[in-house]
Structure formats: C-alpha cells, structure tokens
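Sharing a structure with you now.
Each chain gets a letter, A, B, C and D, in the order it is written, and its residues are counted from 1.
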Amino acid sequence: MSTANASKRHTDIKPKKADLAKENKLAINKSLSKDELIGYYRDMIRIRRFEERSLRVYQQGKIAGFLHLYIGQESIAVGCASLMGEHDHLITTYRCHGHALAVGMTMNELAAELQGKATGCSKGKGGSMHFFDPSKNFWGGHGIVGGQTPLGAGIAYGLKYKDLKGCCMCFLGDGAINQGAFHESLNLAALWDLPVIFIIENNGYSMGTSQERSSAHPKEGLAARAEGYAMNWAHVNGESIFDIREAVGDAIKLAHEESKPSLLEIHTYRYQGHSVADANAKKYRTKEEIDDYRKNHDPLNLYKEYILSKKLLTEEEAKEIDKAAKEEADNAAKFAEESPYPPVEDITADVYWETDNPDQRTSEGRMFFND
Amino acid sequence: MPKITYRQALKDAFIEELNRDENVVIIGEEVAQYNGAYKVTEGLYEMFGPKRIVDAPISEAGFIGMGVGAAGLGVRPVMELMFWSFSYVAWDQMMNNAATVRYMSGGLIEVPIVIRGPANGGTGVGATHSHTPENFIANTPGLKVVCPATAYDAKGLMKAAIRDNDPVYVMESTILYGYEDEVPEEEYVIPLGKADVKRQGSDLTIVAHGMSVIQSLEAAKELEEKHDIDVEVVDLRSIRPLDEETVIESVKKTNRALLVEENKPFCGVGSQIAYMIQRKAFDYLDAPVERISAIDAPAIYSPPLEAVQLPKADVIVKKVLEML
Amino acid sequence: MPKITYRQALKDAFIEELNRDENVVIIGEEVAQYNGAYKVTEGLYEMFGPKRIVDAPISEAGFIGMGVGAAGLGVRPVMELMFWSFSYVAWDQMMNNAATVRYMSGGLIEVPIVIRGPANGGTGVGATHSHTPENFIANTPGLKVVCPATAYDAKGLMKAAIRDNDPVYVMESTILYGYEDEVPEEEYVIPLGKADVKRQGSDLTIVAHGMSVIQSLEAAKELEEKHDIDVEVVDLRSIRPLDEETVIESVKKTNRALLVEENKPFCGVGSQIAYMIQRKAFDYLDAPVERISAIDAPAIYSPPLEAVQLPKADVIVKKVLEML
Amino acid sequence: MSTANASKRHTDIKPKKADLAKENKLAINKSLSKDELIGYYRDMIRIRRFEERSLRVYQQGKIAGFLHLYIGQESIAVGCASLMGEHDHLITTYRCHGHALAVGMTMNELAAELQGKATGCSKGKGGSMHFFDPSKNFWGGHGIVGGQTPLGAGIAYGLKYKDLKGCCMCFLGDGAINQGAFHESLNLAALWDLPVIFIIENNGYSMGTSQERSSAHPKEGLAARAEGYAMNWAHVNGESIFDIREAVGDAIKLAHEESKPSLLEIHTYRYQGHSVADANAKKYRTKEEIDDYRKNHDPLNLYKEYILSKKLLTEEEAKEIDKAAKEEADNAAKFAEESPYPPVEDITADVYWETDNPDQRTSEGRMFFND
C-alpha cells in the first residue's frame, strides 16, 4: 500500500483549451459510432433544457427549497455515464439532475420529484437534492457536503465483496474536499484497494467561496492530495467530453483490472448561482468571467460545433434535437404539474423496510410515537 | 417601538456585541464576503473587516473545534452553522470538546463559545437539512441551548449567549428570519433560562419553543375567537437552563397542559416537560399531559405533506378542543 | 442449561449468523487480528478469515458510511464501535445516511446494517468514553436501537438485529460482557420490540434497560428480603421499536412506576416512558412516575464518585421506599 | 496559499541511527548549558520512573480505566517542551503523562489524578487520559483520537487573533492521522497560516494495528501528507533529543516568524502495551522488535551514554538523579494514596462556569435535572 504509484498524465491544472478533433482520435473515442457521437449531444442538451425549464418552474414557485442547477457541467455527467457498464455505479451530491438524466432516469420522474409529486423518482420525498434510482446504479443525490463519499467507497466495497468487476464513480465538489469524511474515504479506498473513482467537479466555487479561499493545496491542484494516499490522480478538461471519457476510462480500467481507486479533478464551471436562491451569484465573480466561459468554454457549444464541423449533423438536425429536448422538458413539467401529491399516509411510509412489508415483519412493538 | 425582522434583531445583537468586546469574532461559511447564506450577517464584513468576520471552508468539525480551542485563550467565537443539520459532522467537537473540557480539567477551562444557525423544517429542504437537535443538546450537561421565537427574544437572548462564559447553542429559524416584531432601540439583554408567558390564559397551558410558539399563539387566537377558549402560551425560550417554575405555575393554574414542538416525539423536549409536569404538579392535573410533535418520520420534501408533518395552528386547535 | 458470558453469547450469535449468511461481514477497529478490544470477536478472524472479519483504521465516519453504502448492494455489515462514544465522529453517517436514504429514495434502498459496541460508564474511562446515546437514536425515525441486559437477550437480539433489514444499533456494556447467564444450546432469536418482565411483582413497576436492569433486579431482591416489598422489573430490551403494551399493563397492575437508566436525565429514555405512562395509564397512577438517572454531569473519572453518579441498587431501594 | 513550500530536510523515513555527538553541535543545541543538558536527562528519567511507578499502582488496582504509558517516547515530550516560550502552547492525546511532566506539572498532582483524588490536577475528574494545566500552557490530555487537532489549530488561531508571537504544538499518534478532524485541521492551518505544529508521534502502531495496516501513504511517509496542503513537513529521529530540538525548533521559527504551520513525524516506539489493559501487547509485534528498540534505540539510554561520554555526569551522579526520580515517583504515589477523594457534591461542580460562580450568574432557571 505504501508506495506512491501516482500517474501524472494530466498535470496542468487548468488544462489548455480542448481540441475535440484531436481528442476524438484518442483510443477510447475513435471507435465511437455516429449514433453515439450524436447521442452525447442529445444527452447534454437534454440536461441543459431540463435545467432551464426547471428554473422557470422554480421561479413560478412550484418547487420548494433549493434548486442546484448543472448548467455548464453537462459534459461530465454525460461523459462519465457513457462509460458505465453493468456493474458500474454512480453517486453524487445535491447537484444531481444531470447525473440522473445521464444514467437514464426520465425527465418525467425528475420533474415530478422537483414538485414533490407521487410520480417523482422518490415519490416526492427527496426533492431536488435527493434523486435516487438504484435500478440504474444511481445512488443519489446527497445533501450533506462530503457525506456521500464514504457511501461511494462502500458501494465499491460491496462490488469487491461480491466479486463483481465494476466500480463506483463518486462525485463531489471542489468545496467538499475539506470535509473529514472525504479524507477518511480516500484513505480507506487506497488502503483496501477499493474500485472507487472520486471525481471532483471543480467549478471554481463553493457557493460564494473561490477554491483559493477554501483549500490549501500544492501547485499541482486539488487532485494532487491523492499523493498523500499513494492514489492515482489526474486533471481533466471538462470542456471536452472526449478528454473526460479518456481520463475516466483509464480510471475505470484501473478499477476493473487492478481494483485501484483514483481521484480525478475535472475543471468546469457553473453559470447559474450556487442554487436558484443564491442572490449573490454575480457578486463573487465577474460578469466577464461568466461570459468568457459561456462563449469560449461551454462544453455543449464546443461539442456542437465539433459534430457540425464533422458533418455528423446538419444545423437543421441539431435544431431538431434541441427542439425535441425542449419539448420533452416542457412535457415533463406538465406531467409533474398534473401529477397528484402523495397521500398524507405516505409521510410514515418508507421509513422502515419492516413497516413497508408488514407481512414479513419479525419485530414487535411500536415503531412510531405520535400520541 | 420600531418593528424589525428577527434577522435584523440578530444582526443588531452582533453589531452591539462586536463593538462592545473586541474578542468577539464571527466565523462560518459565507458569513463575510457573501453576507451570509440567510443574510443574518449582512454588512458585518464591511463594518468590521476580515479579522472579526471570517469565512470558513466547509469543515464544520475543524472550525468549530478551532473555536473551542480559541475560546480557551479568551477569544469569544460566534460560530454560524449554515443549518443546524450540519452540526452532525461536527458532533464530537460539540458534544465532547465543547461540553466536557471544563469538567475534565476540574474547572480550569472556560469555553465562551456560541454556536448558532437555523434549525427548522417547513421550507422543503428535505430530511438531511431539517434536523432540530435541541433535545440532544439539552441532554448534555455542560451545554446550554436556546430557541428564540421572536425578534425581541432573538436579540436579547443572543446578546446573553455571547456574554455567557459557557457554551451556548442558539437555534434560529429560516422562516422566522423574516418575521417582524417590536424591538426597543435602547439596549437590553434577556437572561437565559427565563420562560416568557406569551399569552395569558386560564383554560389550558400550551408549552412551546421556537416556531411552535408562533403556531400556538395563532391557535390560541382562534380558540378564543371561535370557541371562547382561553389558553395560556408559555414560550420556554431557553431549553437549558430551563424555567421550570413558570411552567409549573401555569399548569397549577390551568390544570391542563399541551406541549408543542417541531421535533420528533421520542425523547423530544416535550417528553422531558411532560415528566416534569406530572412529577411536580401531579395533583393539579385534570387530564394527562398531551403533546404535538412533528409526524414521526424523516422530514418529507413534498411541500403540502411537509406542511402536514409539522405542528400547525389547526392541529393545535383540534387537539385543545379534544382536551377540553 | 449451560451458563455462558454475555461476551460469549454475542460471539456465538456472530458465528451462527456468519455461517448462515455469507453476506454478513464484521468490520471495526481491532476486531480481527487483535481479537477485539473487548474480545467480543475473539477467534472469529481465525475461523472466518480476512474477508469476513475486517480490521479498520481509526476512521469511524469513513468505515461506517462505507458499511451503509455496501449495505445497499446486499452486504450485511456488522460494525463494531470500540465504544459507542466514538459514534460522535461518525454521527452524520449514522443519523443522516443510515437513517434517511430509504426515506429519501421513496423506499428504493434497504440498509441492513448493524452498528454495535459498548455504551456504559462505571469503568473509570471518563467523560469522553462514557456516552449512552440510545435516546438520540430512538428519537430518529428510520433507526432501531436495542440495549440487551443479559447474555440470553444479547444473543437473541443480536441475531434478530443482523437479520433485520433496517439499521439496528445495538448497545452493549463492557461490564456486562463478563456476566454469566443461562443460554440454551439450541438456536433462538428474540424479536426486537418485545420487553421482558424480568421479575413479577405487584407493588411497583420498575422500567429499565441495559445495566440498569441488573441494578433494579438487585434492588428488587433486597426490597423483598428486607422490606417485604414486591416490585415488578420490566426490561425494555428494545428502545425502538418499543413494547408499550407490556409497560402499560404492568403499571395498570401496580399503579406506580419508577424508571431507571444510566443516561443523563434531560430527554433521556425515561422521559419518553414517563410521558407514555401518564398519557396511557393516567387514571391508574397512584403517584407521579419517578425516575433515577445518572447524576446530571459529564461522567466523572474518580472511581468512588463515578459509582455514586450511576444508578445503583441502594439508590433504587431508597427511592422505592420513598415512593411507597 | 496554493504554492507548495515544503522543506524536505529530513526525508528518510526511518532516520538513520542517531549520532548525538554530531547533533549536539547543531546550531540550536550547541549553546546548551551543562545544566540544561543534565536537565534533559533528569526530565526524561523522571517521566520513565513516573510511568513505571504508575504501572505498579495500576496493577495494585488503584487506578481505574486505562493507563497509556509513554515509556520509550520520553525524548519527544522533553525535547519539545524544552523549546517552549511564554506564548508557546501544547496539547496532546490520552498518552499525556510525559507531556504533562515535561511542561512542569508535578508528579503529585498527576499521581493523584490517576487515583481520582481531589488533589489531582483535574480534581480527580479527568483521570489518566485527561490531564490539564492551562497555566502551564498545557491544554490536555484528550481521549477521542484526533479530537484534539482542531483544538490545537484553535489555540494557534487564538494566539494569532491576540497578536501574540507563539505557537501550539499539537501531538497525535500515527493511527490518528486517519480521522477526518485532523484533515480539516491541516487545511485550516495551512489556509489561514496558523502557527500550529502538528507532531505525529509515530510509534509504529495504533493499538494492534501497524502503520501499514492503517494508513495509505507515499514513500515519503505519513508527514508527506502535508504536501496536499502545501504545508511544511519533516521526519525526525525520536531517538535523539537533539534531532527533535532542531526540527521542532525550525518549525517554531516558521510559526513565530511567518505564522506558518508544520507537520512533523517523529519516529519512536512504545515498549508497553497500548494501555496496561492491552493483553496482546506482544502479539502484534515480535519480542525481538521490542528488545531491539530497548537495546539500540532507547532515547534515554542513548542520551545517558552520551552525557556520560561527555563527562557531564559521572555514573554516580547519574544514579543519584535516577534515584531521586524514583523517590519522587514513590512519594507522589504515596501522596496520591493519602489524598482524599473529592466530596460527592463535586460531581456537579465544574460543569458550568456559571454554577461555579453563583455570585456572577446572569442566567436563571434550572441547570441540572435529577428529580
């Protein structure tokens, strides 16, 4: 365990501007079919349109609590999910809508969850921060910063325990790296060779706090903390879904073949506030900074330009896909709107497996204590 | 008297105490440059600068433990938890270090720390963000805990908490932050451990704290107007220390008690008050002490159901009618 | 029936369940190669090897959260906390992740995890090592908690806990580990949520759990022999789920209740039981429900004082005599 | 904050055998007076004899709970304490007897605390794991592994806040580095330039678990985790009080002059079990290993040989010092034995400052809830 074996493939912290043409030629990407390449575009734009639509629904006052939008980071969820096999799992933070769509959850069940409807993926019980669908290897959706990282290590532990050749991709933010639970998870993963891939979606800020104000770290960036655990690490350019696929693909290989963990830092950006309630979204960063990302680093635009230049799509076809995504999002919002709220009795359902399966209950006595 | 919000009242308390004592420092996530996730510290960074108003990384165990250590040297840290729910990642620092170093050192150490933030449901933030652990804290000797329900109380209790030489944990509410209330311009401090009879009454005593006080007062109003029932509402304000006398006196007068709280029922604050009442006013009770707590499940997201899960005036009214 | 120790009874439960279900894995600090800090897992590493019996680094939040995650894939982790006091560094994993993922996923996830270890004072380990948070856990919907008092109960309840599909937190005692008791050779399981009347009586009901049951039985014996008083001792065994019926039936018979526990009084388990009794058996009570808890301060080290701080037979006897 | 400035002075993990003659010539040591040099010997042997005596008292059943002995590690507490100035503070783990003596607490108050007597440093309330004396800048004595590390950072924060030129030495064990609170403390210390020195007393084991079984780390050892926070770090040979003084002296300079933190890993060994109750003390390591340390690496013996060779002491004088230490320890045990236990009312004293100072109490209402 104790010898450093860190591969330093991508060590430039802010990777230089993506060159999709070049990266499309990387081993893992060059054999992608036209359908797959178009599919990534569709998946990314579906996330963006879903989020934009959700924002409007929130502004209409139909969503309570927080709404953490994923706009600007779509390439990460789509790129990672595109690599998931039967035994590969995914767990993330409260900023979970993109990942949920990427693993194949439907806009309807997510939109309904946002409005707290019975047709939501969590029956309206979890809300925006707490989407789940284990049947799609998606383990949430977690509200406590860093709290999901031991769970991610645990899913990897479970895979290893059951001799399944898989891995768990565990996402967290740049601000989350300073939670104790993450540190403990890194040590456990490296010490026990757990097939977990910790993926820092570094969008530069934790709420209004820039990376520099929240984390002490070496020149080599946040991912370099992996060195302290002799764990593999890399920096990845979030602008390029191809770059993401290559780096994550390598980490998956390491996990599948050697059951070794990795820590990846994917550089990205969020255009919206931390959550929609974040009134200060524009105070802790300049308008220029935001515009620069939108104009020059947007993963969706860059990818669209690329596949258009490759003539994989015509402008027309691209518009069609966009239009379809918008319609799907509109219909989902409508579906949510028209769905019923859960019945009041549902409040005490899903608390215990045993009370949900009364015929199989083995314990006795009172479970709930009102009155 | 001018009306100001609960939020403003807290801010005024901070400003007065920051000016009074240079050892007072406010530390927490987004409290400084961002002006506070809930704007409770808005403007303070500009007024007092980076030494007195400090933005912390997302490391509650680290910075709260740090505050406990600094308190030993005479710093008086006022720590913000963005939500009280996040105290669980700092639990050991709060329940062991803050609560026991004085005891384990035979009284050689003082820990004048305040840990504060919102602890409430009702805003659709779900199970992970809606914990209200005042009962856990009150269970722990060495700690004090207060749950102000009004702007007036929030200011007076916060000032007392900051001046207190023991660890005081203050639980606020993201809903109450916006509530307005009359607050005098001249300085005042409300001693911890003093309950407040928010409404005089003779038919039944409601004991509550925090948001439940507001719901209880609303219920009391309706009971009087629609049912000619006159309930007394005792706001505990402080859970530990506890004003046992005021509660017992009230029950001895009304002979009936209903305990209302947002916490889950099992071993909630109401259970302790119920024990105390039946123990100290047994012969005065015409009926069992009753309770209303949150419906016993994790906080549900679905807004209309969450509204049902938490104690509301209509439920309180119904319960009181059953009891009389 | 053969007499074996509480420690041996737990070990037997592990062996039977490890053999019955290959998904059961025991994880904790020093549980494997070192044979357990308190020898509860002695010999298991040799019998089952490194896959089933796993030594963990000192990272409770990490490995307990890991267990919660693994449980989602059908692993059935039995996690040892060397002391329950150390749960405070893993509190968020235990109170948020273990307790709420099922709920927040609308029932899509099962968390069949057991978290166990000793939770008791009385051995001079001081304030940081003597926490007994069963009341905190029972306050939390989604969790179950049991506190076995005898070897027989420890084995039967541990087997039930391991087979349970919900998170079950088991609180043992470093003192009880050495206590012997008759345990049948044939397999048995004790359902959670079933109290046990450890002694029949007619004059007064004592409700207790864990070590306090032993103290209460000792007191009951003395009360009978020296004072001809016949008390009934109800051992809750399981705090959540709770056997309300057995407690209420007993009080309706004796008309008097004394609640004994090692926990601190404010919002201790006794407060909930007291509320329940006065609520459900009001007209049967000849006197207020009384309680004996630990003296309300952090656990003191000084051995003779710690002996006084915790409920003992003599104090129980004195209290019962006052009550009758 | 973000540029690594790690000094790698001592990077060989197991530093080679100490050469005290050479190390005595190091700048920080060469001007030491005869009295000081002899004083270190006295301080170290006083710790050893106190611990040996305490072990016997424990075996006589007069000490409850745990007893974590410091035998074999004496050079660390003495070397570090020898560098403490007016504003330098110290905080450590449950293995705290050596540090308490080194900062000048008396054997009497410690022995009495072990027996839970009113004359103990904590009035018998803390016990073996919880010694305190803030008047000597000694902040305990902490029972929860890693739990003292945020406090250490906080003491440093307090010094900086009050513009005092000082530092806090915060000790922890090799097994404690995997607690989340420590990781959070490292980041805060580096991010905010806190004058704290985290000192890992690496005795190779956490209870029965070897370093290799508890920590994933790079070739450069545990201290190298500091790199992840761009924090100064070093390895130190615990055999040599001179080596310790040099490395810790440098860290103190960095703390005093630049208000920068350090992470030091001092290699040492414990001869006794983890605690006296640790029956397996000899099971997880070989007798040979223990004997080798006693024979060839014992900091006390090596130091004694050195000062004898330097003719700073004669065998006779050395024996005298040893004898005096034994007597002091015997008398302390006797003092403890004869001291009274605290009165029962003391159980609820020292819980709240306010109830201890009733005349200054400002709050009202009940503080305690029995009955």
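In this text, a contact is a pair of C-beta atoms (placed from the backbone, for glycine too) under 8 Å apart; a residue touches a chain by one contact, two chains touch by 3 or more.
Quick caveat: nothing in here was measured; it's all calculated off a predicted structure.
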Result of counting contacting C-beta pairs for B-D and C-D, higher pair: B-D
Remotest chain, chain C as reference, centres from CA atoms: A
Separation of mean Cα positions, chain D and chain C [Å, integer]: 36
Length of the line joining the C-alpha centres of chain A and chain C, rounded to whole Å: 40
Intercentroid distance (Cα basis), chain D paired with chain A, Å: 44
Chain A: positions in contact with at least two other chains: 122, 124-126, 130, 142-144, 147, 178-181, 184, 187, 191, 213-215, 351, 368-369
Shared-contact residues (touching 2 or more other chains) in chain C: 57, 59, 61-62, 85, 88-89, 92, 96, 103-104, 126-128, 141-142, 240, 264-266, 272, 279, 296-298, 300-301
Contacting residues of chain C [partner chain A, same complex]: 25, 51, 56-57, 59, 61-75, 92-93, 96-97, 101-110, 112, 141-142, 144, 160, 163-166, 189, 191-195, 238, 240-245, 272, 279
For the chain A and chain D complex, residues of the former touching the latter: 1-4, 6, 178-184, 186-187, 190-191, 212-220, 224-225, 227-231
Residues of chain D that touch chain B when the two form their complex: 91, 120-126, 130, 132-135, 139-144, 147, 149-159, 161-162, 168, 180-181, 184-185, 187-188, 191, 349-354, 356-357, 362-369, 371
Chain C - residues contacting chain B, complex: 61, 85, 88-89, 91-92, 95-96, 99-100, 103-104, 126-128, 131, 135-136, 138-142, 240, 263-272, 274-275, 278-280, 282, 285, 287-291, 296-298, 300-301
Touching residues (chain side chain A, partner chain B) in the complex: 63-66, 116-117, 122, 124-127, 129-130, 142-147, 175-176, 178-181, 206-209, 213-215, 280, 283-284, 341-342, 344, 346-348, 351, 368-370
